[in-house]
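Just passing along the structure, written as structure tokens.
In this document, chain identifiers A, B, C and D correspond to the written order of the chains, with residue numbering beginning at 1 in each.
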Amino acid sequence: MVIVMGPEATQGDVDAVVQIVGTAGGEAFVSRGISRTIIGLVGDIERFGTLNLRGMSGVADVIKVSTAHKLVSRDNHPERSTVRVGGVPIGPDTVTLIAGPCAVETPQQTLEAAQMAKSAGASLLRGGAYKPRTSPYAFQGLGEAGLRILADVRTETGLPIVTEVVDAHDVELVASYADMLQIGTRNAQNFALLQAVGSIGKPVMLKRGMNATIEEWLMAAEYIAQRGNLDIVLCERGIRTFETATRNTLDISAVPVAQRLSHLPVIVDPSHSGGRRDLVLPLTRAAVAIGADGVIIDVHPHPEQALCDGPQALVDGDLRELARVMRQLSPLLGRTLVGDALATA
Amino acid sequence: MVIVMGPEATQGDVDAVVQIVGTAGGEAFVSRGISRTIIGLVGDIERFGTLNLRGMSGVADVIKVSTAHKLVSRDNHPERSTVRVGGVPIGPDTVTLIAGPCAVETPQQTLEAAQMAKSAGASLLRGGAYKPRTSPYAFQGLGEAGLRILADVRTETGLPIVTEVVDAHDVELVASYADMLQIGTRNAQNFALLQAVGSIGKPVMLKRGMNATIEEWLMAAEYIAQRGNLDIVLCERGIRTFETATRNTLDISAVPVAQRLSHLPVIVDPSHSGGRRDLVLPLTRAAVAIGADGVIIDVHPHPEQALCDGPQALVDGDLRELARVMRQLSPLLGRTLVGDALATA
Amino acid sequence: MVIVMGPEATQGDVDAVVQIVGTAGGEAFVSRGISRTIIGLVGDIERFGTLNLRGMSGVADVIKVSTAHKLVSRDNHPERSTVRVGGVPIGPDTVTLIAGPCAVETPQQTLEAAQMAKSAGASLLRGGAYKPRTSPYAFQGLGEAGLRILADVRTETGLPIVTEVVDAHDVELVASYADMLQIGTRNAQNFALLQAVGSIGKPVMLKRGMNATIEEWLMAAEYIAQRGNLDIVLCERGIRTFETATRNTLDISAVPVAQRLSHLPVIVDPSHSGGRRDLVLPLTRAAVAIGADGVIIDVHPHPEQALCDGPQALVDGDLRELARVMRQLSPLLGRTLVGDALATA
Amino acid sequence: MVIVMGPEATQGDVDAVVQIVGTAGGEAFVSRGISRTIIGLVGDIERFGTLNLRGMSGVADVIKVSTAHKLVSRDNHPERSTVRVGGVPIGPDTVTLIAGPCAVETPQQTLEAAQMAKSAGASLLRGGAYKPRTSPYAFQGLGEAGLRILADVRTETGLPIVTEVVDAHDVELVASYADMLQIGTRNAQNFALLQAVGSIGKPVMLKRGMNATIEEWLMAAEYIAQRGNLDIVLCERGIRTFETATRNTLDISAVPVAQRLSHLPVIVDPSHSGGRRDLVLPLTRAAVAIGADGVIIDVHPHPEQALCDGPQALVDGDLRELARVMRQLSPLLGRTLVGDALATA
């Protein structure tokens, strides 16, 4: 059961709900999201039903969770949602370009990549400080030092930051620097981590597990939502199949299928799904044309020196061309590229 | 080893090549394709190398097959090919809309579907007279009676016919009615059938096996090409994965990958890959945007009565909308929808 | 609908059934299998229901096909079947060892391999004269010359022959030499070929398609059975998955699952599923222990010279060890290795 | 780089190594495993090479990690390892039966299940107190209360406990109760969790990720080993494929493949791979016959009331039969069922 508080709700209203739930033997997880405060209840639903929660001060809605993924489902929320990241929208009216280096390596490399991203037309900066790697002997990221670099580059460029968190333990730390937390494909069923990001008031980008069905992906989102955080963006990044010509197989159909089942925004990662630079532009065209709400792109000022995933990173000219094509295609879908929307407004 | 004859080559030139190859202990498969005559040689390549075939009258080129799929490979043929089906092009400058009923059921149903297809903007009519079905108790198609219906509808509407052949035995019969022969996903490694359609002078649409790698798909095309028929169109129709939300998983990346490896045109089947009517339009947008050379679409005047694959068939209004979207998108790729190209010309 | 004739049925009885079905507008496929004659009816089942076929002379049973795979299903045939190949049983009381070269190359290589097989304890000789190969440039087998070699080696060794047929056209020819026809994984949904082997009076080994569900595999068997041939042995040979350490992934669970759904014998191909010599023995142990009715093994007197699949072929000592292990394990399952059963009897 | 300390090494020896590594700008992870103390070094390998670590007091070996999975690889450790859990061996000379309820529900259900397990011949008790579930609304386990129940049942029955940990945060707590920590399939690339169990002195059972290649599985084990814990048992539990007749596809070939690549013991989970009670016994036969070092089995006194995975749990008689079959098969592989080995000794 989930309680949605209205915009006028006070801290006292929230406390009152928490208290009454505790008295009834339940547990309440409060989260002040960017756009709403939500209280997730765990315990005896029958008992909660007797509490007249809907009548309490500040309570806007009480949602009984009867279907498997009630909170992220479109059944109870027919309008598609827009999630705002440092003021930048990801949602049904726009197409958002997120770009940046796969891994933060040095201040200069990160700044150069961010400047490339911004001047091409990107609205958000991606960059990894914590890198989950198959081998324990591979470069695992700079950790907090990387987060500090990202924060400095944000100050310099004005681009809000999207960065991955790989350990429930680090969620607070990462959230203190980042504008959006990314959950990677290998953590798509790391439920402790999902719950941790569900309890923090920052938007989350949830990558699809490379072996997750669409149903399981939405369930993972439900884990986040259940702790009160509905500012979730789903990201399709390819699934594992028998085909080896591409790193993973981009499941382009998952975009309309997930948008039909869930009200959450859905974006596409053309860089990691293909794993090949020459596929990034064509896959981006497909993503925008099918109706994705954005794309997230690896860029690197010097891909040949990249510590991670260099072969798929775009260079400056490629990214400008990609943004140009996004600008051309978006209007056919009744959308605008986000930076342009802001520029025009 | 393959000998490509020049346009000026006479029957005598061809006979001379066949004879000399036979004398050298080899076997020669002659095929007069629509655009060129080709002679595929099987036997001792070393021996053939001593024959000075390149110097013979009418011989334009001798290709030694050293890589795995030499004839369909782009390595030796950097320009992308255009295949013409009853005068209708499928190739790099255009986008071709093929539409029609999954199965030919009655003259009236086929004619209505063809009229829907034509008035929406389709240039080729698809329709199955021989239906490979998982169960032996399912409707298997009308056979030759279905082919006759298709031929009548072609006369009525002017649309050239694409139809499936499932048995090497039937290739001549089907080719006597059809403008293009279709090889279905279940026959993607039915080598006897591939060789049979390779020996007949009609264009072939080769669907990707639902478990075939892109490499195996091109090898299957090579089986056809080796018998002298290079008028082959590749069709991506989804691969088998763990995801069950869609019938198969459309491997949209396969379009640019196959176009980079092979000079053959590549089209997409959004109807069979998704298996859901609501996905046909979005998948078509993705296909055109990524650079597919055409799409093939199931339509039915009355999908609820269809004997085969009704749930994915488009009705009249849907198909018009789909063609409208294709018209909008094509120019962004520097292409024209085929019917419009002809209309304008 | 399928009519099973009794052992006493005369040719006249069969003709009478065919005639009455034809009069009712139906088509009858007669097949004298090794153990029974069956007439498959295609047409209007309602109409056939009015014919009192069950009362006709020589008719033992009339089976209405209402479920998807009625004829091979265990629902209507609870006892598991034994199929006999040149007198050698494959069924629930025994374990049958089939061995031989992947491809027939020369008389000497085939004879040596057969002698290895026989002296180790194999009861049936496998060997390919027609080889379906992914590449058109790979060795495709000796064709009829290979069949003649196999027949000579049968005369020499007394081992009945199992060999693959890849083209419906060749079924009669191959059946004139072979004791058992093999349908390979790439032809698992080549329905014309399945129907052709269903119409010939020889046992069939049906390999599972590398992308076929167990349900689809049984449906393919039903295509054969529907034409009157119930002497079918199913062969699990690995499915295609993301794992690349083995050529395919042996789906060992498919053995008990298929045996529960169907009365047909189920054997395992450890050579092709793993594609590695070192896995043949362990996979054979697993196959016998789980209850497979036999195994089919690649052997070659000189694997390093093999034209096809050398890396997985066993040599002499390996095969003896494999047979020894099969002898040890079989009694724990209440079975005997076939050769020993015959020797003891 | 990893330093293996000899059995005679003192705390002072260990401290000295840690200090010198720190002085050289590196980081040292010390871990006192059950059978050896290991110090994993992270930092500049070149620099470490100058330190003459091999000459220091108490140091038995210095392993340079040059291949991808050096520590778990059989290259440097040709003899297969035995891991001891509360005195119970899992290794190449024995077959170990681990049984117990999927989830700990009540003291009585857990005790009954443990008594079933013990009297049948199991040597270790499995039971989940923390359950990772696809849906946030499914039963997630009793948490620490469940651990206390397990500890009580251990006291009662003498069976050491294997139980899952799902959060790096909980590793110390779970390790304070458990004899062996289990990492589940969904956490197979949860690197923070792998590192956490690598730093604690308890044996670990590492389930294969349902989408992990064998290579990735060994890499996950390397993450644990790198922190100094080499008491790792690999558990094959089925991979995700297109087949839906079983919950997952047991990759039986993975057992010999992993045993060839790694010196770690490899066991099989027949309950979760098949997801069907009728497959548990046949899959166990296959597992023992192929050479698995043990099996882990779901049992439940009253499966129809189970809160989790009831359909696959064995009841009392089934488990006795399973142990009987394991006793019969083990000697053929030169092994003994563990309980019997102890009983005989």
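Here is the rule we go by: contacts are C-beta pairs under 8 Å (C-beta built on N, C-alpha and C of every residue); 3 or more make two chains touch, one makes a residue touch a chain.
On a predicted model such as this, the values are computed, not experimentally measured, just so you know.
Participant: What is the shortest path, in steps, from subunit A to subunit C when you may only step between chains that touch?
Facilitator: So the least number of steps between the two chains is 1.
Participant: Which chain is most remote from subunit B in terms of Cα centres?
Facilitator: It is D whose centre lies farthest from that of subunit B.
Participant: Taking contacts as defined above, which has more of them, B-D or A-B?
Facilitator: A-B
Participant: Centroid from C-alpha atoms only, then distance subunit A to subunit B, rounded to Å. What do you get?
Facilitator: Spacing between the chain centres: roughly 41 Å.
Participant: Calculate how many whole Å lie between the centre of subunit B and the centre of subunit C, each centre taken as the average of the chain's C-alpha atoms.
Facilitator: 34
Participant: If you average the Cα atoms of subunit B and of subunit D to get two centres, how far apart are those centres in Å?
Facilitator: That gives a centre separation of 52 Å.
Participant: For subunit C, jot down the residues that touch at least 2 other chains.
Facilitator: Residues 211, 240-242, 244.
Participant: Using the touch rule from the top, collect the residues of subunit C that touch subunit D in their complex.
Facilitator: Listed in rising order, the residues are 211, 213-215, 239, 241-246, 249-257, 260, 273-274, 278-279, 282-283, 285-291, 325, 328-329, 332.
Participant: How about subunit A: which of its residues touch subunit C in the complex?
Facilitator: Touch residues, subunit A against subunit C: 240-242, 244.
Participant: Report the residues of subunit C in contact with subunit B in the complex, numbered from low to high.
Facilitator: Answer in residue numbers: 65, 68-69, 132-137, 166-169, 186-187, 189-193, 209-211, 216, 219, 222-223, 226, 240.
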